[in-house]
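Pasting the structures here.
Presented sequentially are two complexes of subunit A, the first with subunit B as partner and the second with subunit C.
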Partner chain A sequence: MKVVGVSKCPAGLAHTPMAAKALMKAGDKLGWDVKIEQQGATGIINKVTREEAEAADFVLYATDQMIDEEERFEGKKKIRVNINTCIKAPEAVLKKCGSAVEAQN
Partner chain B sequence: MMEGIDISDVFDESHVLLDLDAKTQDDVFHAVAEAAVRNGIADDANALYEGFLQREQEVTTGLMDGYAIPHTKNEAAKRAAMFYVRVPNPLPWETMDDSEVTNLFCLIAPASCEGNPHLVMLSALATCLLEDDFKEAVAKAASAEELVSLVTEHIEKEVE
Partner chain C sequence: MKKFLIEARGHLMTGIGYMLPMIIGASLVVAIPQLIALAMGIQQLTPELQGFPHFLYEFQQVGWGGIGLVNTVLGGFVAYSIANKPGLAAGLIGGAAATATQAGFLGAVVYAFIGGYLVRWAMSVIHVPEQYQAVMPNVILPLIATVGVALVATLLAGPLSAINLAIIDWLTTMCQSDTNRIIMALVLGGMIGFDMGGPVNKAAWTATNAMMLSGIYIPCVYTNLAICIPPLGYAIAATLRKDRFSEELRGAAAGNWIMSFIGITEGAIPFTLVKPLVLIPINVIGSALGAGVAAAFGTIAEIPPLGGWYGCVTMINPLGYLLGIAIGGLFIAFFSTLLVDFTQDATTDMDEDDIEISFE
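== the complex of A and B ==
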């Protein structure tokens, strides 16, 4: 599976990088290609390009907030997950999203 | 190690509060806010306290394994800093695994922080808390000195 996504939390200090790293580590473990952009206190880190988004099976929003530059993901399948859930159980989040996307295809 | 980044800018032994006598979240937020003012990080302890509280009310900062990471982006903060707090009596807190909280890293950032290199260190500390070995070592560290060297070592690894 190829996944891109965005993490974002109220202050952008702690949970944004934690969720991004947790999801990317879980991706490595599953042998998936996972890239999560951080929209945090210092701006955008690890930015996902339109081309990367195009190639992804789905887009994961690890946030309950509005995403910046969302037009990149137009037409893509998007799944929104609570950021704390992404930190607590990143592998389960990826697997569950992956199965949901497969089931729809 | 990133150029121009020195962890002692944001964390040193005076930022370690071991055996803090706290019974509630409130007690911790007050103690950290006052320590930050004593250390010249902020000029208004009450504003910092309110900042921690407000962020906590939005969504809990409780993690797993007895850790929490309260934080505030605050007008009263003159610079970025972090504090480590350990309480002898576990605190009631909403956490991801329903554990009570005994170890806290409290992060303080100035309100305008676009491009602030010190925030990289705060973020790196947050991601360190995904590592079980880091959490175990921190919980066991016996002195402020040991904590500073542990945290420094792990943050340096993280920002490489």
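== the complex of A and C ==
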């Protein structure tokens, strides 16, 4: 699976990088290609490009908030998951989203 | 309904996220000249002062100007979150109206939601022929949104400001009694420690900051102080009892000293996740205890209080503030290492069925 996503929390200090790192680490474990962009207090880190988004199986929003520059993901399957869940159980989140996307195809 | 509430919370959080740096910046610009003035033996900065103190007064006024913008920015970005760019104007105007009519934080949020959803609704029902597309964002949406918000702000100004002022009144009275202050500190401290940056923490944080903007500074002292406690607890624990912590968590401890110093509760999350059922109660008790200690020692604020350890300089009885942080931190350090082995891996096995996901 190839996944791109965005993590974002109200303060943009701790949850944002924690969720992004947890998801990418879990992706390595599963052997997936996971790239999570951080939209934190200091702006966008590890930006996902339009091309990367095109190639992904789905887009993961690890936040309850509005995403910046959402037009990149136009037409992609987008899944929203609570950011705390992504930190707590990143591997299970990825697996669940993966199977949900496969079930739709 | 539940979906709407989750969405609404997201919009509120977005608004708060944009407001946050502004409060911090503006509070600093208020506090710094105040501290310099106090050091010079001047109790209050007034326009009559001459020379350097007058400069301090002018400087501080800039900060107060920033604090006066908070409802405006909050309203603007809540509406922006709901309806994107077309919502921003209505939200800003609604927020400013809330300040002007003393409807406060409450009014700003209400007007922003009404303005934002009005724009969203208008965008979905009004369709203009392609050659007239330009009138949508430039005439129709501003007209509907701003007129709508203005109408609501005019009609609701009375009741909303009555509610807002009644709440402020009640809280002001509550802040005057020692016993009530201690109870308040215990409750707020506990809420801050409960989910470290989650909804309960942010509810307490938002409430006390809203009060601070209305001129009630004391509750904010207790949330600012409690925020420093959980990260300090784990920083102490991982420094003193290295053998009880995994390599990864020992690494995180260094960051936690800094997080505690500047006041970011989130630093404690990786530690708490090791065994939340035991550690959350410890965090709650530790944070409540620390805040309670500071309240019992009569730590209050008469200017907008800053967060972090250094926030103590903006308070009356700064020692009580630091003592509260230290006692809360030591409590967490002691009981967490006593009851939990932090050498385990932090990520929990959560069942896939328990995870909620939603397609956009």
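Just so we're on the same page, the second predicted complex is superposed on the first by the 105 of 105 C-alpha atoms of A that agree within 3 Å, B and C clash if a C-alpha of one lies under 4 Å from a C-alpha of the other, contacts with A are read in each partner's own complex, and residues count from 1 in each chain.
FYI, contacts are C-beta pairs under 8 Å (C-beta built on N, C-alpha and C of every residue); 3 or more make two chains touch, one makes a residue touch a chain.
None of the values given here were measured: they were computed from a predicted structure.
Asker: After the match on subunit A, would you call subunit B and subunit C a fit or a clash?
Answerer: Aligned on subunit A, subunit B and subunit C clash with each other.
Asker: For A:93, is the partner it touches subunit B (first), subunit C (second), both, or none of the two (neither)?
Answerer: Only subunit C is touched by A:93; subunit B is not.
Asker: So, does A:10 touch the first partner subunit B, the second partner subunit C, both, or neither?
Answerer: In the superposition, A:10 contacts both subunit B and subunit C.
Asker: Have a look and say if subunit B or subunit C is in touch with more residues of subunit A.
Answerer: After superposing on chain A, more of subunit A is contacted by C.
Asker: With the two complexes superposed on chain A, say which partner A:43 touches: subunit B (first), subunit C (second), both, or neither.
Answerer: first
Asker: Between subunit B (first) and subunit C (second), which, if any, makes contact with A:22: first, second, both or neither?
Answerer: Both partners, subunit B and subunit C.
Asker: Once chain A of both complexes is superposed, is A:84 in touch with subunit B (first), subunit C (second), both, or neither?
Answerer: Once the two structures are laid over each other on A, A:84 reaches both partners.
Asker: Which subunit A residues contact subunit B in one complex and subunit C in the other?
Answerer: 9-15, 18, 22, 41, 84, 87-88
Asker: What residues on subunit A touch subunit C, complex-wise?
Answerer: 9-15, 18, 22, 26, 41, 61, 63-66, 77-82, 84-85, 87-93, 95-97, 100
Asker: Which of the residues in subunit B come into contact with subunit A in the complex?
Answerer: 55, 58-61, 63-64, 69, 71-73, 96-97, 107, 109, 113-116, 119-120, 122-124, 126-127, 129-130
Asker: Provide the residue numbers of subunit A that touch subunit B in the complex, in ascending order.
Answerer: Residues in contact with subunit B: 9-18, 21-22, 25, 40-43, 84, 87-88.
Asker: Touching subunit A in the complex: which residues of subunit C?
Answerer: Residues 6-7, 9-11, 13-14, 16-17, 20-21, 81, 197-198, 202, 259, 264, 266-267, 269-270, 273, 347-352, 355-360 of subunit C touch subunit A in their complex.
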